[in-house]
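So, here's a batch of structures to check.
What follows is a pair of complexes built around chain A, which joins chain B in one and chain C in the other.
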Partner chain A sequence: MRAGAAWTRLMVAVVVVPMLVTLVVATSVSFSTGPFSGGVTFDWMSLGLELLAPTLLRSFLVGVGVAAANLLIGGLLAWWVARTAAWPARLVGYLANLPLAVPGIAISVALIGTYAQLRPSGLLLVAGHVVFTLPFTLAALVPVLAADGLVECDQVARSLGASPLRRLVTVTLPWCRVAVLQAAATAYALSYGEFNISFFVNAPAAPTAPFALFEAYATRRIELASAMSIWFIVSLLPVLGALAALRGRLAERSS
Partner chain B sequence: MTPRPRATGAAVSTPRWAWLAAVPGAAFLLAFAVYPIGVLVQNSLGLGRTGLHEQPGSTSAYYRAVLSSETVRSSALTSIGVCVTAVLITVVLAVPLVLHAAARSAAGHDTARLDALFTLPVALPGTIIGFFAIVLIGNTGLLGLWFAPLRGVSYTVPGLVAAYVYFSLPRVVGPLRGAAEALDPAVPEAARSLGAGRVRVLATITLPLLTPAVVAATGTALAIALGGYGTIAVLSQGVRLLPLEVVDQLSAAGFNVATASATGVVLAVLACAFLLLGRALSALLTRRIAR
Partner chain C sequence: MTASQGLSIAGLTVRYGATDAVRDVSLHVPAGSVLALVGPSGCGKTTILRAVAGLVDVAAGEIRIEGRDVTRVPAARRNVGLVPQSYAMFPHMSVAANVAYGLRARRTPAGVRERRVAEVLELVHLTGYAQRRPAALSGGQRQRVALARALAVDPALLLLDEPLSALDPQLRGDLRRNLAANLAAAGCTTVIVTHDQQEALALGTTIAVVREGRVVQAGTPAELWNAPADEFVADFLGSGRMLPARRDGDVVTLLGGRWTLPAALLDTSRTRDGDRVLIRRDSLVPAGPAAPGGVTALVRHVEFAGSHTRLRLDLDGTELDLDHPGVLSPAPVLTLAPRPGGIVLL
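Entry: the complex of A and B
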């Protein structure tokens, strides 16, 4: 147990130290002469935020759109897959998992080779992100929607004469509220940091945050690039916090 | 395709119009996943769009060119070497971690914050992980400032392995965390009460029970690492990995749609092979254990 605790602490360090070092670089006046050798500054941080802010907003909007699309088409699809014992449901399940097996960069080449005309508007980017996140939405929603308890409640409500719409609003949605929120937060977080599928399909005139970072890594000073990275990580924290809280709620309910 | 659900078992309360709910999702998947991948294969065979220097017409020439290209072959081998090494190291790092976390949560401790920390890097683009390597072991990296031999390692094979370990850690910890949590604590407890030592219980009970999940997670993590472009895109100063070849055919080397498509298909086949191999081996092991 004690060795396990020490190992866990070591692994926490492995995850956290690169971020801390990035923060040190971002607050050093000139890192190449050594950390903090010229003193501490927040100039890089404020310049980094200025440069990254418009793309963070864009990534936020794309993420919200992707999450909404996931809930709408993914939610309906998950409901059908959960309630259908026939082979088409299994087939659709396999198809939805295709993007897990095919690398993002290959899907990116496939999408740009098929729908190049959708690229400038950003529609192809959103569609690509939905393709990438849909398997996670199905994985979060199908087991919850297939739960015996829900099926039973639904049958009882039906036998008492509740309409399908009423059952959806008063039985199904409340039952899977936590899973729905979890699916939305996961889709948002994955879309927010997506780089592979985005590579050929992002709208060139309107880069998302990961692309602004990629460009900064190639062209900007290491201090400024670090500051931008820190802002990106900070901007991810709210949704990751929400995900952690939701996971706690799920665990509570199942125990 | 008109899916017509049969009313069996849990599907008793499913209305006749239920298949309508699947229409938007199925149509979307057909249009943006299945059809584009079909077009990708078509292009790679010279049957669809081609680049300026590529002749249209049915041919396997692009595949032959890709598979016989010295550059692609060495990139593929380096990719497999880097990713296999990185994922194996990740598994060794992750297993004690998930066992400890499972023991803590079984003892009633709250592990939510720990779990959140280890899932955070999933949402980071691969590019940031490449940048972490630059900040730590790049040409002016912090560790390199303190210990000169580590300077510039980020652009070499060991540096790439380190970056891909960071990339793979949350992708291995995630599934293994659930698998470790699901292990029945009664079995190791019984063995302990019969006098088996901690090490023996770990080696003969806990680890074998965890192995199917480890194998499946290894396959998935390998597939994701092989296809991951962001990390190598930032660290591409010398060592070449397979995703770079796909991208270069569409950008640096011109707009060679057919060659890029063929390279993309090769990459996809490799990733799929690792994923399916992991799943198949895992299923086999599970059946062995059940017997």
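Entry: the complex of A and C
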């Protein structure tokens, strides 16, 4: 009970309080003279939404693409790593995790230097985000796909005459659905909030939301930048809420 | 049914890397009978089962099911029913959906499928459980669902890997009898892997004892019990201890001449001039010092087991187990004599 209260306080201190402070800044007429010293205004919020909206849509689309690519590429890779005892599978698994230890700037420069022709289309940004998020997808999927219980269920399904596709759809995916959802949510959230690769790889004419936030804090009033931060946080809620609800439904169905 | 039906394994070898997990195994299971593969952990019995199921690659040899060479046939096309040790229930499906899985995979029409599911659920006495999820079943019920799922596709061969080991010891006796009844009712050629000699003796019409990837002895339970091929088989099946023996006229000497027995006290029905004896747990009884064939043993360990007392004895450096009916007063030294016909000359 006491541990629960302590954790709650800690989360409030590091998540809720900074968000409330940001909201106070975003709704102050002029924060430099003190919170609400010139009164409360929603003008910054209105202007912030206007400026940020196109970038939110762009980040959403990139996030969805990255999540989809993670499930497709990461899913197949995770299956191969989980089910293959040979050394190439282990090596590929290690290689896929390497970007975790490499700074975003290094990944970005390497990608631009190697595949510059993909930069204008935005494909390089998606590829950079996939490289960055793939280790998290593997971390979510490999242990589940390697679980003895799933391997045995798959073998039973094989012995009963099921084709590989039927086994994937009727045994593997239902068994892994929470992990799949977790992987998709993590890939989406990481991509949506990713700054380093977006900053270096993405064409400046089509910024993502984190890039727009950085630019706002660097070049505009703090009230406006704070308002854009609030809208960025709000924009995360529908997708994360939907994923949480879906996860809850799945947990309910499997109980 | 002909002799070529059922399961035939010839010269089966399975390798894991550089290690031969199974070496040159040959077995035949006549149609409708039950083979129990028994042996200690890691002996290769499960690998034999997996090779028959098509789940591991065969390095050499041939596997025939109902006369058809399936050595290189994919698992999905062998028409076997597999019941793994964990039962491998599909947790997101109901009992009925689990049982119907193989029929759906084979595109069986819905009406036929539903009738077949009802039939096999009735066979394993789980008709009322069709809509339950596996998580809501006991271990014994899960075992029966796994059996029903395997039987639903009308397999040419049923493969059961340690079907009772995941259950509480108290339940095993009843469930072993239920399983035997279900297998008899299904009439399907069956291979059961077990490390439990009681299970093997109770369920198998044939038993194959496996050791270090090879079949040491195969035969009926009575053959293996009464005439184990070697010390390992005798010890593993719990039938007793085998000792070298020498017959000189009316006496048989054991332990290098330190124990002399009148031949008349031995069971010589199998051979009159054997060079080994099989001493079972009930072959010896406590006796007076002058009893014919008597021998003195050190009592190493005494264990009360309810209906009998189990003793670990040391006969001049050779250890033997003895089951004595009822309670036996503890003593450091015991004089024993053979029960007439209790020691078997082989």
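Note that the second predicted complex is superposed on the first by the 225 of 255 C-alpha atoms of A that agree within 3 Å, B and C clash if a C-alpha of one lies under 4 Å from a C-alpha of the other, contacts with A are read in each partner's own complex, and residues count from 1 in each chain.
The definition used in the following text is that a contact is a pair of C-beta atoms (placed from the backbone, for glycine too) under 8 Å apart; a residue touches a chain by one contact, two chains touch by 3 or more.
As the structure is a prediction and not an experimental result, all values here were calculated from the model.
Participant: In the superposed model built on chain A, check whether chain B and chain C fit or clash.
Facilitator: Once chain A is superposed (C-alpha atoms), there is room for both chain B and chain C without a clash.
Participant: Which partner chains sit in contact with A:169 here, chain B, chain C, both or neither? Use first/second/both/neither.
Facilitator: Neither chain B nor chain C is touched by A:169.
Participant: Just checking: does A:113 make contact with chain B only, chain C only, both, or neither of them? Give me first, second, both or neither.
Facilitator: The first partner, chain B, only.
Participant: In the superposed arrangement, which partner chain does A:31 touch: chain B (first), chain C (second), both, or neither?
Facilitator: first
Participant: Please compute the chain B to chain A to chain C angle from C-alpha centroids in the superposed arrangement, rounded to the nearest 10 degrees.
Facilitator: About 90 degrees between chain B and chain C, seen from chain A.
Participant: Touching A:148 in the superposition: chain B (first), chain C (second), both, neither?
Facilitator: both
Participant: Where does A:92 make contact in the superposed view: on chain B (first), on chain C (second), on both, or on neither?
Facilitator: In the superposition, A:92 touches chain B alone.
Participant: Check whether A:160 is in contact with chain B, with chain C, with both or with neither, and answer first, second, both or neither.
Facilitator: second
Participant: Under the stated touch criterion, which partner chain does A:57 make contact with: chain B (first), chain C (second), both, or neither?
Facilitator: Neither partner.
Participant: Which chain, chain B or chain C, is in touch with more residues of chain A?
Facilitator: B
Participant: How many Å separate the nearest C-alpha atoms of chain B and chain C in the overlaid structures?
Facilitator: Here the least C-alpha separation of chain B and chain C stands at 5 Å.
Participant: Do chain B and chain C land on any of the same chain A residues, and which?
Facilitator: 148, 155, 158
Participant: Going by the contact rule set out above, which residues of chain B touch chain A in the complex?
Facilitator: 1, 3-6, 8-15, 18-19, 21-22, 24-26, 28-30, 32-37, 39-40, 43, 48-49, 93-94, 96-97, 99-101, 103, 110, 112-128, 130-132, 134-136, 138, 140, 142, 145, 166, 169, 220, 223, 226-230, 233-234, 243, 246-247, 250, 257, 260-261, 264-265, 267-268, 271-272, 275-276
Participant: Where on chain A is chain B touching in the complex?
Facilitator: Listed in rising order, the residues are 1, 3-5, 7-8, 11-12, 14-19, 21-22, 24-25, 31-32, 34-35, 72-74, 76-77, 79-81, 83-86, 88-89, 92, 95-96, 98-107, 109-115, 127-128, 130-131, 134, 146, 148, 151, 154-155, 158, 164, 189-190, 192-196, 199-200, 210, 213-214, 217, 222, 225-226, 229, 232-233, 236, 239-241, 243-245, 247-248, 251.
Participant: Spell out the part of chain A that touches chain C in their complex, as residue ranges.
Facilitator: Chain A residues touching chain C: 148-149, 152-153, 155-163, 166, 170-171, 174-175, 253-255.
Participant: Could you please specify the touching residues of chain C with respect to chain A in the complex?
Facilitator: So the residues of chain C in touch with chain A come to 53-55, 74-82, 84, 86, 88-92, 101-102, 105-106, 135, 149-150, 153, 159.
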